[in-house]
Amino acid sequence: MTKIRVGVLGARGRVGSQVVGAVEAAADLDLVAAVDAGDALEELTAGKAEVVVDFTHPDVVMDNLRFLTGNGIHAVVGTSGFDQDRLDTVAGWLEGRPELGVLIAPNFALGAVLAMRFAQQAARFYESAEVVELHHNRKADAPSGTAAHTARLIAQARAEAGLGPGPDATTSELDGARGAEVDGVRVHSVRLPGLVAHEEILFGAEGETLTIRHDSMDRSSFLPGVLLAVRSLAGRPGLTVGLEHLLDL
Amino acid sequence: MTKIRVGVLGARGRVGSQVVGAVEAAADLDLVAAVDAGDALEELTAGKAEVVVDFTHPDVVMDNLRFLTGNGIHAVVGTSGFDQDRLDTVAGWLEGRPELGVLIAPNFALGAVLAMRFAQQAARFYESAEVVELHHNRKADAPSGTAAHTARLIAQARAEAGLGPGPDATTSELDGARGAEVDGVRVHSVRLPGLVAHEEILFGAEGETLTIRHDSMDRSSFLPGVLLAVRSLAGRPGLTVGLEHLLDL
Amino acid sequence: MTKIRVGVLGARGRVGSQVVGAVEAAADLDLVAAVDAGDALEELTAGKAEVVVDFTHPDVVMDNLRFLTGNGIHAVVGTSGFDQDRLDTVAGWLEGRPELGVLIAPNFALGAVLAMRFAQQAARFYESAEVVELHHNRKADAPSGTAAHTARLIAQARAEAGLGPGPDATTSELDGARGAEVDGVRVHSVRLPGLVAHEEILFGAEGETLTIRHDSMDRSSFLPGVLLAVRSLAGRPGLTVGLEHLLDL
Amino acid sequence: MTKIRVGVLGARGRVGSQVVGAVEAAADLDLVAAVDAGDALEELTAGKAEVVVDFTHPDVVMDNLRFLTGNGIHAVVGTSGFDQDRLDTVAGWLEGRPELGVLIAPNFALGAVLAMRFAQQAARFYESAEVVELHHNRKADAPSGTAAHTARLIAQARAEAGLGPGPDATTSELDGARGAEVDGVRVHSVRLPGLVAHEEILFGAEGETLTIRHDSMDRSSFLPGVLLAVRSLAGRPGLTVGLEHLLDL
């Protein structure tokens, strides 16, 4: 078996160092360069990297991507801070390189991505949907970005299917009991020490409910998604935004 | 085995008729009178009822209780509408009758009663607690009375243990996301067709969570509690308010 | 809006009578015939039924289908007892009738069908999967047919993705603790009074789990699936086996 | 406030080092000695420790306890390997020292202890109970010791209440589907990567279920129980086996 030659950018960071370990542990991947601030990007070309994983910083990720696309290296990017301008710029760099792929994803946890996808698929079959997300008590925002995004996807799928608001007979409510409303979908945020990051999506129709739950127990939960991206990016040229597009669901 | 002689008041009502069926089906109970509006209360004494179950109406329940206590018959009461005045009146009727027992309970679902009791017991061991209740979409109030009551019990147990508010780092909240606050305990209300009546009490501390969940799948869930009350009331003289006092926890 | 003209076969049966009620309640459907044993099938043609729902008996369902296909009426069939021979016969009746559709489905609960479909989709992304099904204590078989079928779908998806058995370090097992094995996927059957019909499919990978749960609280949970079939069958000619094919997932 | 003076034995071990950190972080506790193999036990007396926590090894724990009891120091012991002989020996050392307390506990996770206690309390009110425990896939034994112990406690409470086996209509079982039997209570063991240590105890009666669930997300989950023991041991002289006895439930 020919191994895929992988480089890591941000290799000494909290996330990047876990990627380094996971690449080293994978039988079908070969770690050829582990680069961080202060190292030369040329280590990646010297190591003949075919795919590079970038968990760095918004300040440097565009320079990294210009280098990678300029040298014909696929990129898997978990660094944040991409707006439409930046996406357009990256797409421009990919023009005339029909074989080259860049994946930019805000969330590499496969379970979170699958849960959102299934929620989208299920939404039009149910009269109502609500989202409950549960996180440790050090989280600053409520609801979580993932839960808000899930609610918007559900709302969109409902709208496309011609569904109006779910039935709700509440006439007497203690302020906040029914949660926050995101595009008409109720979202509830539980905060407790001991929790990590959990999301539950509930659908209800006459006589039955369907629940999709994702439990992230550990920060390492993004690793399987990163490795899946590394392995499938060669067959997916162009700019891809969001891991879900690599899952062939 | 001597069977307990049981009468039912409100015997043709939605709830009472199920009590009739359950008493008939129980090997240790003997249904001696099934009385409803228009029938004479004397059927109960004629049948030599030892215990009578009353699921009737606030308008008639006091007359029923005066008759029962006056005739030395124990009473298990699920009818609503008891304020302190009414309770004092019933207690007065019991004076000078040291062998007689009356139980008045708002909730006969054993699981709901146990869940509340366990929540009270667990509360002082955890930094934080939250309540999620889930009901069908035809429910008018949010949160449910049971969930609000549970939150108050938790708040009281926390206060007695000297615990302040649970830690919460939320600085950015979409209105309602963190639920309603009942005596400082967050309560979240989910409403979906397909659900019946469910309550989940979550406790969190470093590295662990404890969850107590009660699922009421069917209206018949109050029956085991009613039968337990019928069987244990003879040994519990005086006025008892709340099924939890009969559980010897 | 032109309403769809619907007939029901087995209209006075436990299931059929609920279908009758649901069709009558639906604004876009028109109940034109409610037929049961002893009634003439010609009531369906007299009523100009476009679609007929059949919840009858294996002994009569083939006669019903010959009549329906012979008269150009679409059929939604929940009656059991279809083997390959019967399916081939029905397919034969549909030859030369390119506009006509017959759906035969063992399970009309949308949530059960979606849960199985999502389980199939998720299976190849996870190292391990197990199924827990929970039913009332009057159920004779363990595991349930749905859970066994789900396990086989997961096993097939894993095999297609080249996944071997999930990792399991168990060296000391009390007989039965690890459940039953269905094509290498572990299935656990819980039986408790109070439960109705529930299935939970759990997937695990490093640091995360994904859970898909279906709760059937009431026998009426098959109705939304039947109505969906009635509404979409006109656009789905030929013989279709399994509701999942009508969901366009 | 006078702080409690605490020593730690096994202070550089995986568990002990976490205890050291937790004692240092607690405002009401004062770490006066952190002792490990090679250090002198006299550091504990020199530091005037009032309570010592021992997470060491079966080979040395008895020597440690002889030293502690001989010097009038309370002991909180999480080290394993205590049989009746050892317990008798420790009880002997405590004779004539009516003020001194020793707690020996196999499990300091408060949630696990509470879950077991609540299971015991609930058992006699339900027709049936089953236990599902879920662990990471590196676990060697199935069921877990905690789950087996929980099942035995439930069986004992059922027997004391005169309850026979729960109703079970299973006539056709795929081998293992109904789990393992521990004193007549069914226990199911799920093993998945991504899980940590979870236990779910389910009770069922007509129309309702009660579920008690403990999730241990992190090894640090034993710390709150250790600190609770340190704080309450002064008021609990003699030998105590099991954290549950300190909880005053």
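Going in written order, the chains are labelled A, B, C and D, and every chain counts its residues from 1.
The definition used in the following text is that a contact is a pair of C-beta atoms (placed from the backbone, for glycine too) under 8 Å apart; a residue touches a chain by one contact, two chains touch by 3 or more.
Note that the structure is predicted; figures quoted are calculated from it, not measured.
Chemist: Give me the set of chains touching chain A intersected with the set touching chain B.
Modeler: Output, common partners of chain A and chain B: C, D.
Chemist: Please flag the chain sitting at the greatest distance from chain B, going by CA centroids.
Modeler: A
Chemist: Count the residue numbers both chain B and chain C use at their shared interface, divide by all numbers used there, and answer same if that is over half, different if under half.
Modeler: Over half shared, hence same.
Chemist: Is the C-beta contact count larger for B-D or for A-D?
Modeler: More contacting C-beta pairs are found at B-D.
Chemist: Approximately how many whole Å separate the CA-defined centres of chain B and chain D?
Modeler: Using C-alpha averages as centres, the distance is 33 Å.
Chemist: Provide the C-alpha centroid distance between chain A and chain D, rounded to the nearest whole angstrom.
Modeler: Once rounded, the distance between the two centres reads 39 Å.
Chemist: Note the residues in chain D that touch 2 or more other chains, in rising order.
Modeler: In chain D, the residues touching two or more other chains are 194-195, 203, 205-209, 215, 217-218, 221.
Chemist: Quick one: which bits of chain B touch chain A in the complex? Just the residue numbers, please.
Modeler: Of all residues in chain B, those touching chain A are 127-130, 132, 134, 137-143, 148, 166-182, 186-195, 202-209.
Chemist: Going by the contact rule at the top, pick out the chain A residues touching chain C in the complex.
Modeler: Within the complex, chain A touches chain C at residues 109-111, 114-115, 117-118, 121-122, 125-126, 203, 205-224, 228, 247, 249.
Chemist: Using the touch rule from the top, collect the residues of chain B that touch chain C in their complex.
Modeler: Residue positions touching the partner: 194-196, 215, 217-218, 221.
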